[in-house]
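Order of writing sets the chain letters: A, B and C. Residues in each chain are counted from 1.
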Amino acid sequence: MMELQCKEIAAMVGGVCLGDENRLIHSPAKIEDAGAHQISFLANPKYLVHLDQCLAGALIVDHRLELPFLPSQTTIIKVADAYSSFSLILQAFQSEPVYHDGVHPQSTVDPTAVLGENVGIGPYSVVSLKVKIGAGCRIASQVYIGSGVHIGENCILHPGVRVLDGCQIGDRCILYANAVIGSDGFGYAPDKDQVYAKIPQTGIVILGNDVEVGANATIDRATMGATTVGDGCKIDNLVHLAHNVELGAHSVIAAQTGISGSTKVGEKCVFGGQVGVAGHIQIAPGSQIGGQTGVTHTIKDANRKWNGTPIMPYMDNQRSNALFRKLPQLESDLLAEIQSLKEAYTTLAREFEKAKA
Amino acid sequence: MMELQCKEIAAMVGGVCLGDENRLIHSPAKIEDAGAHQISFLANPKYLVHLDQCLAGALIVDHRLELPFLPSQTTIIKVADAYSSFSLILQAFQSEPVYHDGVHPQSTVDPTAVLGENVGIGPYSVVSLKVKIGAGCRIASQVYIGSGVHIGENCILHPGVRVLDGCQIGDRCILYANAVIGSDGFGYAPDKDQVYAKIPQTGIVILGNDVEVGANATIDRATMGATTVGDGCKIDNLVHLAHNVELGAHSVIAAQTGISGSTKVGEKCVFGGQVGVAGHIQIAPGSQIGGQTGVTHTIKDANRKWNGTPIMPYMDNQRSNALFRKLPQLESDLLAEIQSLKEAYTTLAREFEKAKA
Amino acid sequence: MMELQCKEIAAMVGGVCLGDENRLIHSPAKIEDAGAHQISFLANPKYLVHLDQCLAGALIVDHRLELPFLPSQTTIIKVADAYSSFSLILQAFQSEPVYHDGVHPQSTVDPTAVLGENVGIGPYSVVSLKVKIGAGCRIASQVYIGSGVHIGENCILHPGVRVLDGCQIGDRCILYANAVIGSDGFGYAPDKDQVYAKIPQTGIVILGNDVEVGANATIDRATMGATTVGDGCKIDNLVHLAHNVELGAHSVIAAQTGISGSTKVGEKCVFGGQVGVAGHIQIAPGSQIGGQTGVTHTIKDANRKWNGTPIMPYMDNQRSNALFRKLPQLESDLLAEIQSLKEAYTTLAREFEKAKA
């Protein structure tokens, strides 16, 4: 078990200790759960309510946050930015996944494969013909790497990952368990009787550097050319990217979202979960797409928020949703207004007839 | 092949035979498909229509259900509760998956791992450092169990399951093929240029007793602490539970639903398929969420039905949906009413002017 | 690397060469990406804009398409149908996945299993009791085939596929990486306290001929009888078919769609991505269901287009969606009309009172 003194932690994040700087910390925890040997953090004033019953051994506190009092059993570590400091501390306490060092004797590595320095390959993994794996990669157990695949340096492939023939992966990528890279695109040509014949999928998948692909996610190979994922993209579990999708650098896609074939996504887009994106469209850089949105057409304006199926500008969707909720009320209000106008008119018309007479 | 006489089946479920009690039954079937050596059941009066052409060798019939006649070639077994009786019969005819007894020589079990009595481990499975596996567990082939994982008694882990470092699993759990327990949570901190850095995910996943997790489903480890699934929860295929989700006991989640990070779900909730749930919210116990619903905010009232995106009380959603369907009609009706009022007013105003003149 | 002369390609597709028929082609590419040794195609007039800057070595051109000029560095191959010709060319250049020939010594094949001629089984695959695998099947590595499974001829099972006990697979099927066939259906019976007990799932899955199942897709076994997928069905990644679903021949299902238990789908239906289908309903043959649709009830009329949640005829849904988008405008327009009528009425009534006086 990892163990650090508060002063060591403070030094690590450039912070200042208030209270016992020798206190020992074993692990990070949420402020409401933390015990005597745990460290938590306070950045958002709304979490100050937890301070009263805080039992944490240490608290990372944002320097902009004023504490109403100093808890006696807690060492306070003041820092410039609580979020990024705490991320460093999490890193310090994180235990790396324990995968095999070196090539496990129960793996199958083709003699034509080229492995860099310090590559680990776990039991029951397969490394096929002419594969190249860069230095420092950790290939866990039960992984399949197809022929001609190139993998950069310091990647982690978790158990059950499949990278199929010819795909290319950059440096420092992480592929989580059972992710599938390079399965055939979903392309079929219907004949006149609507019987479908498979269109061969001759392309590959190219992942840039620092890409992460979630557990059980799938990225299909291109029909021709490449399905591409730009540097720094983060893709959550169970996401699907279809053939020939091009995903711009530093885009982020939450779980269970699917992007259809040949769609091009700009840089730094953010997708909520369960978004569906039509094929053959473009999405402008910096677009933010809310969860469950159905992106039915091209988005031209960059850096805007979108929501709804079919997709609308976020605020317009909010307004339409608000009216959808009260549609029954709106209908009956409008009908009542019209009815009362009708009655008023009838009364007036009758009185007018009377007056004429 | 399993073979039971009708009287043996009747004894098994505490039922009473009408007809040939020595008839042999080989397997269960649906009433419309069942043949001479098959058994089916009748609980719901609407299935009485099938009685006429029923060829089943035996029928489990709910004692509350009056049969219009007794089919000559079918043994009737009257029971107190047809559903639960038939479930017992299914159990009797079910063939357990055939997985390896004992530790297969082609598996890799770390010497520090502790296995209970009668644990089976199939070929190409990996059991890592300091794992504990309780008595009676069936670990199929090609399973990965990470270091420090604890698994209770009598669990079944189907082929390709991944349980990653440190996760804890209760008794009698079933993890279906290719499910992934304990992949990293989807946590990244954007810098000022919106380039994302990974936030270490230091927590674990804890599954209670009698939990089932579907094929290709994913449950992510917590950033800190634990993602927890309460006793008796049933989770369908391709479901995603994000980091730090807490799922109350005996909740049921249908396929392809996703729950975002840190959301707390009460006990005995029921989720339809493809539901999306926002992060950092609470869902009251006994909530019933319809398929494809988007749960965008906290649900405070227990035991209610919800639907729609964004979520609404079920009946309100039905009413709004009904009006959505007839929006074009509603618009034209209202415009016609207004137009006819305008015309009536114009006529009246003209007549009034004439009268004045 | 594959290499073909333009005249060889022309012969292959029954086409006519204009330009250098000896030019060597190495691979197919999209028209905007193709280089001097690549071949592309032109079928749709809207892609003629790319002709100007086309660097392709060869172009398959539909005979109905008139080219404004002949690019000097490109051999034109005129054909009767550009799409189907190009599919043939893709096939010629496609490299088959490189899986093991014969039975790999590091696989586990039960002695009771029966393998046809030329069956390949990759490392770390498991073939259980009494399995039958037809001639020409390619079983990749890390595949699990449960006891009693029957697989037809010339199937491909990619790495990590799981076919569980008793399931049956036709000829020429392709199961992509990590697909799971025959996991237990999601069936539980709640007791009076809403604690769920598992209903045994005693049935199987039957796939017809020429079926393809995408990466990480799941098809559950029936409670009794069989979940069936008809001949020629194409199922994309991450799709879920629940227990006792019956899918008609030549139906096509895009990624992340889910079909609930016991639903029967007719022949030649087409499902977009992320569609959700309720249980125990029927869908008429030839139905076309748009992406993200929620199919809440039986569809009786064949060959129609549907959209929306809850499902509506496609054009009706388009019209309602159009009004949903302008609901705020519609509300304020209607209120303004009513307000102006009220004012007109008030003025008239006041004048009338004045006149009477």
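Here, a contact is a pair of C-beta atoms (placed from the backbone, for glycine too) under 8 Å apart; a residue touches a chain by one contact, two chains touch by 3 or more.
All of these numbers come straight from a predicted model, not from anything done at the bench.
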Shared interface numbering between chain C and chain B [over half = same, under half = different]: different
Superposing the Cα trace of chain A on that of its twin chain C calls for a rotation in degrees, to the nearest 5, of 120
Determine the centre-to-centre distance between chain B and chain C, using the mean Cα coordinates as centres, and give it in whole Å. 25
Chain C: positions in contact with at least two other chains: 106, 124, 142, 160, 178, 216, 238, 256, 274, 292, 309, 324, 334, 338, 341, 345, 348, 352, 355
Given the complex, residues on chain A that touch chain B span 27-30, 33, 83-84, 87, 90-91, 93-95, 97-98, 104, 106, 122-124, 140-142, 158-160, 174, 176-178, 212, 214-216, 232, 234, 236-238, 250, 252, 254-256, 268, 273-274, 291-292, 309, 321, 324-325, 327-328, 331, 334-335, 338, 341-342, 345, 348-349, 352, 355-356
Under the touch definition given earlier, write down the residues of chain C that touch chain B in their complex. 106, 108, 124, 126, 128-129, 142, 144, 146-147, 160, 162, 164-166, 178, 180, 183-184, 186, 188-189, 194-202, 216-218, 220, 223-225, 238, 240, 242, 256, 258, 260, 274, 276, 278, 292, 294, 309-310, 312, 316, 319-320, 323-324, 330, 334, 337-338, 341, 344-345, 348, 351-352, 355
